[in-house]
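Shared chain: subunit A. Partners: subunit B in the first complex, subunit C in the second.
Moving on, here comes the complex of A and B:
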C-alpha cells in the first residue's frame, strides 16, 4: 500500500515537472537523458516556462542562418540527388527570385553604391521559369493526349492546369529540397515562389541537357501527382446530360433515357436513388444520389466518364522505366466537347429548318 | 500508457518516390563530435576511415562536420520532407555508427510509428465498393411485393440432396449391370 502510494506521488510530480519544463529547453535536444529535476530547480524552471510563454515561440529562420551550411555543396548535391547533370550557373540562377534581386538593389542604393559603376551581376529566374513553364505545359498535354486518347480536350486542359497549380508545384518543389536553396525576400517561402523556382529548375535542365531529359524530369516528378486522384473531378462539367445527348446523337445512337433502378428510404433524410441511363434499351451507366435529379446528373457524368475511358478501373499511368519507351504522337489533338455540342446543335437546327420549310 | 496515446499510422510514401525515379530522401547529415574528448573517439575514427567512402557513394547527401568542445557525439539527419532527426552516438563503435548512418540514408524521413497495416494501395478496389443494390435485379423496382418470382428459393448449382440422389442412382445402375454380368 505504502509502496504504491509513494510510486503514484513520484509519478505525478514527475509529470508536473515535465509540464513545467521550459519550452526553450525542450526545443534544444538534451544530450543527457535526465529522469528527474532537483527540487531546487523547480522555481527556476517555472520562471523560464513563464518567460517563454510571454515571449512566444521562436521566429522561423532560414536554414542558411545556421553554421552547418555551404551553398556550393548544397547546389551540387541538389543536382546529384535528382540524378541530373545541371549546368551550375543556370541552376544557381534558377534559385534566384526576382524579389531577391530587387532587395539587393535596394540594399546597394541604401549603402550609396552606384549600380552603373558596380553592376549587380545577378539574373533572376523569370526567363528560365517561362521556358520551363512552356515545356511543362506542352509535354503534360502531349502525354495526357496519348495516354487518354478518348479524353476531351477540355478535360486534358483542366488536368494540366491542376498539375501546374502553385499548390501542386510547390508541394513537389519543397519535397525536392528547393525550399532551403531559394534566394528570395519573404520567409517562410511562399508557394508561388516555390512553383516559379520549380519551373525555373525545369528550364535550367532544358538548357543544360536538352528537351528530352527535361521532359523525363517532368514525367518522373510531376505526373506521379495524378496517382490516386480523380481526373474527372478536375474538369468542371456543368451540363453532362447535354454533352451526352450530343455524343449519342452524333454517333447515331438513341437518345438517353433515365430510369429509376432502385430506391431506398425515400421519405427519410438518408434517401437514396439509383438512376440508370439507357440508350436503345441498353444500360449505359448508373449512379446513386440523394434525389432523383442528382442521381440522374451523376449517371450522366458516369456515362461521360465511360466515353472518355477514365473509369475507376482504368489501367494505371505509364511511368518510370517503361515510360522511356513511350512513342508519343506530338501533333495529336483529341476531340473537343464544345465542338461536339456545337456540331450537334447545328445538325438539329438544320433538321428543324428542313422540317419547317417542307 | 493507454493505447490511443501511442502514435499509429499507415504506410506513407513521400512524393510518390520510386514511381518515376528513386530519390534518396536524406538531404543533409551533420556529424557532431569533440576533437579531444574520449567520448567521441569512435566518431573520430569513423570520420577518418569511413566518411570519405560514404560521401563518394552518395553525392546527393551533403555532409557537415561540426566539432563541439566536450560534448558527446551525435548525428543530425535532415530529410527532404523537412523532418530533422538527432541520434546520440555516445558509446557506439565504428561499425555501429556505419549502420546508423546507413539507416538514415535508406529512410523515407517519415516518423517511425506503429503501423496499422503493413501494406498500402491507392486503389483499394478496382471494381468499386460493394453496395446493397450491387447484384440486385432492377426488375425489383417495378414489382409489387409479395411476388411469387422473388419469393422462391434461389438455387445455384447442385444441392447436397441432388448429390446424394445422383450417388444413389450411380450405385443402383452399377449393381444392376453387375447382376447382368453374373447372370451371363
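Moving on, here comes the complex of A and C:
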C-alpha cells in the first residue's frame, strides 16, 4: 500500500515538473530519461532535433515570467538567507530601479490613466543607494586605514574605488541572488543596475538595523573581494622612483642607488636582470625584470611597497568573527604621497635658493 | 599585473651555467650536467615541463678517463643497413671529435625523456678554452667540478722533485730502463677496421 502511494506521488510530481520546465528541456526529455529508444522514434527525434537547431537557443527571460514565482516570498527569503532582518517596505524599494518606475508611468499614460488622480505609489531606490554608497565608502576607507596604517591615502582611495566599481559590486549582487528580484526595464540586468541595487540593499539594511550591522554586512561581503588581489596594482603609481627619492630624503636617509645584482642570458630572448636599490649602502629592495630599466622600476615599486607594509608576504585581511573585535579609529588619516613629494620639492628648492643667494 | 609578470619571468627564465671539463671524468660530469639541463635543481621541476637551463662545457679535449677506459670503452653505431654495425674505442672517437665523448655521455644519461634532443640543444660544448664572447656573456653561474684537478709531474719544479722524500736511493750502476718493454704498436682491437688508423 505504502509503496504504491510513493509510486503515485513520484509519478505525479514527475508529470507536474515536466510542465514547469522550459521547452528546451521538455524536448530533450526523451533523450535523457531513457537508456534506449525504439527505432520508430528515430525520425521523430531527428525532426525535433532539427527544429531545435532552426529555432536556436531560448531567449533569456526573467524568472518572474516562469511559473512558481512568488515575489513576496522571495523578498522575505532574501533577508532570511543573509541572516538579516530587513524592513520589508524598504527592501522592496531597494529592488525598484528608476527605469522601472518610468516604464510604469509610461504604461499608465498609454492607458490614459491620470497620474494625479491615481498616483503611482512607487519609489525608486536612488535615495537608498545614495545612503548605502556613502556608508560603504566611509567604512571601507576607515577599515583600510586602520588595517594598513602605513598605506598612502591615494592608494587607499584607489582600493576603495576598485571595490566600489560596477564590476565588483555587480558580481557580489548577482551571487547574492539580486538579479531575479530587481525590477528594471532592461533584461538581462545591466551591471550598473546591479551595483546600484546592492548599494540600495546596504542602505535598506542601515535603515532597518542600524549603521553597525550594515558595516558588518559590507565587511562580510565586499571586503573579501580583495582576497588574492594585489592592492599595489590598483594604485596607478607612474613614478615610483620619484616618490622613493622624496621619502628617503624626508626621513634623512641617503639617495636611492640602483645596482645590478645578477643577470643571466643577456644575449638571449629570455634575459633576466635582478636590480637592487641601496640607500646608505644598505639593500632596501630588489626585483627581477626583462631589461635593466624594468627591473629598476620594479625594485622602486618594491621599495614603496615596503614603506606601505603591503609586501606580497603581508598578513591576511582581518575578516570574520575576529573583525568584530576590531577597534577602528574613525578619525584616522594616513600620510599622503602627494603631500610628501610636495614637501620634498619645497625643501630642495629652498636649499637651492639658499645656495644661490649665498 | 606587472609584479606577477616579472616574478613569473624570474621563475621561468633560463640560467646559463659553465663547467670546466679539464681532467674530469666525463661520465660523472655528465650526471651533474644533466641535472641542470633537465632543471632538476629547481623547485618547479616536472619531467614534462621544459624548464631546463643552458650549460656551457669547455676543455672537453682534456677530459680524463679512469683505468684502461680510453682503450676499452667503446662507442657503437649501426646504420640500420645490413652489415652497418661499427664500433670505435674511446681514444679513437676522441681523436676524431674532441667534444664527442662528453656529448655522448650526456645524451645516454638523458634516456627515457621525450625532450632529449631539445635538452641536448642547450648543451654547448667547446674543445678548448676558447668560448665565443656572445656565449660567455650569457653565463651567470658555475657548476662545481666532480673531482679535484690533479697536479701533473710537469707542474712541479725540478727542486720540488729533488726534495721529494725517498725511502731509498738506486745504486748508481742500476739499470732503470731495462725492465721497460718497447712501445709496441698493437692493433686497436676495439675499433672497426674502417675507423682504425693503421
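Everything that follows uses one rule, which is that the second predicted complex is superposed on the first by the 326 of 358 C-alpha atoms of A that agree within 3 Å, B and C clash if a C-alpha of one lies under 4 Å from a C-alpha of the other, contacts with A are read in each partner's own complex, and residues count from 1 in each chain.
Everything below uses one rule, namely that a contact is a pair of C-beta atoms (placed from the backbone, for glycine too) under 8 Å apart; a residue touches a chain by one contact, two chains touch by 3 or more.
Quick caveat: nothing in here was measured; it's all calculated off a predicted structure.
Partners subunit B and subunit C, once the complexes are superposed on subunit A, both fit on it without clashing. Judged by the touch definition given at the top, the superposed model places A:332 against neither subunit B nor subunit C.
In the superposition on chain A, A:253 contacts neither subunit B nor subunit C. In the superposition on chain A, contact of A:294 is made with subunit C only, not with subunit B. Of the two partner chains, subunit C is the only one touched by A:233; subunit B is not.
Touch criterion met: A:83 reaches subunit B, while subunit C stays clear of it.
By the touch criterion defined above, A:50 reaches neither subunit B nor subunit C. Within the superposed three-chain arrangement, the count of touched residues of subunit A is higher for B, of the candidates subunit B and subunit C.
When the two complexes are overlaid on their common chain A, residue A:263 makes contact with subunit B and with subunit C alike. Once chain A of one complex is fitted onto chain A of the other, the partner contacts of A:223 are limited to subunit B, with no touch recorded for subunit C.
In the superposed model, A:73 makes contact with subunit B only, not with subunit C. For the overlaid pair of complexes, the smallest distance between C-alpha atoms of subunit B and those of subunit C rounds to 5 Å. Counting contacts by the rule stated earlier, residues 262-264, 274, 288, 312 of subunit A appear in both its interface with subunit B and its interface with subunit C.
Against subunit B, in their complex, subunit A makes its touches with residues 29, 31, 67-70, 73-74, 76-77, 80-83, 171-172, 174-177, 179, 219-221, 223-225, 227-228, 260-264, 274, 276, 288, 312-313, 319-320.
Chain contact summary for the complex, subunit A toward subunit C: residues 230, 232-233, 262-268, 270-272, 274, 287-290, 294-295, 298, 301, 312. Touching subunit A in their complex are the following residues of subunit B: 14-16, 19-21, 23-24, 27-28, 30, 59-62, 64, 66, 71-72, 74, 80-82, 86, 88, 90, 122-123, 126-128, 131-133, 136, 138, 140-141. Note for the complex: subunit C touches subunit A at residues 1-4, 6-7, 9-10, 12-16, 54, 134-135, 137-141.
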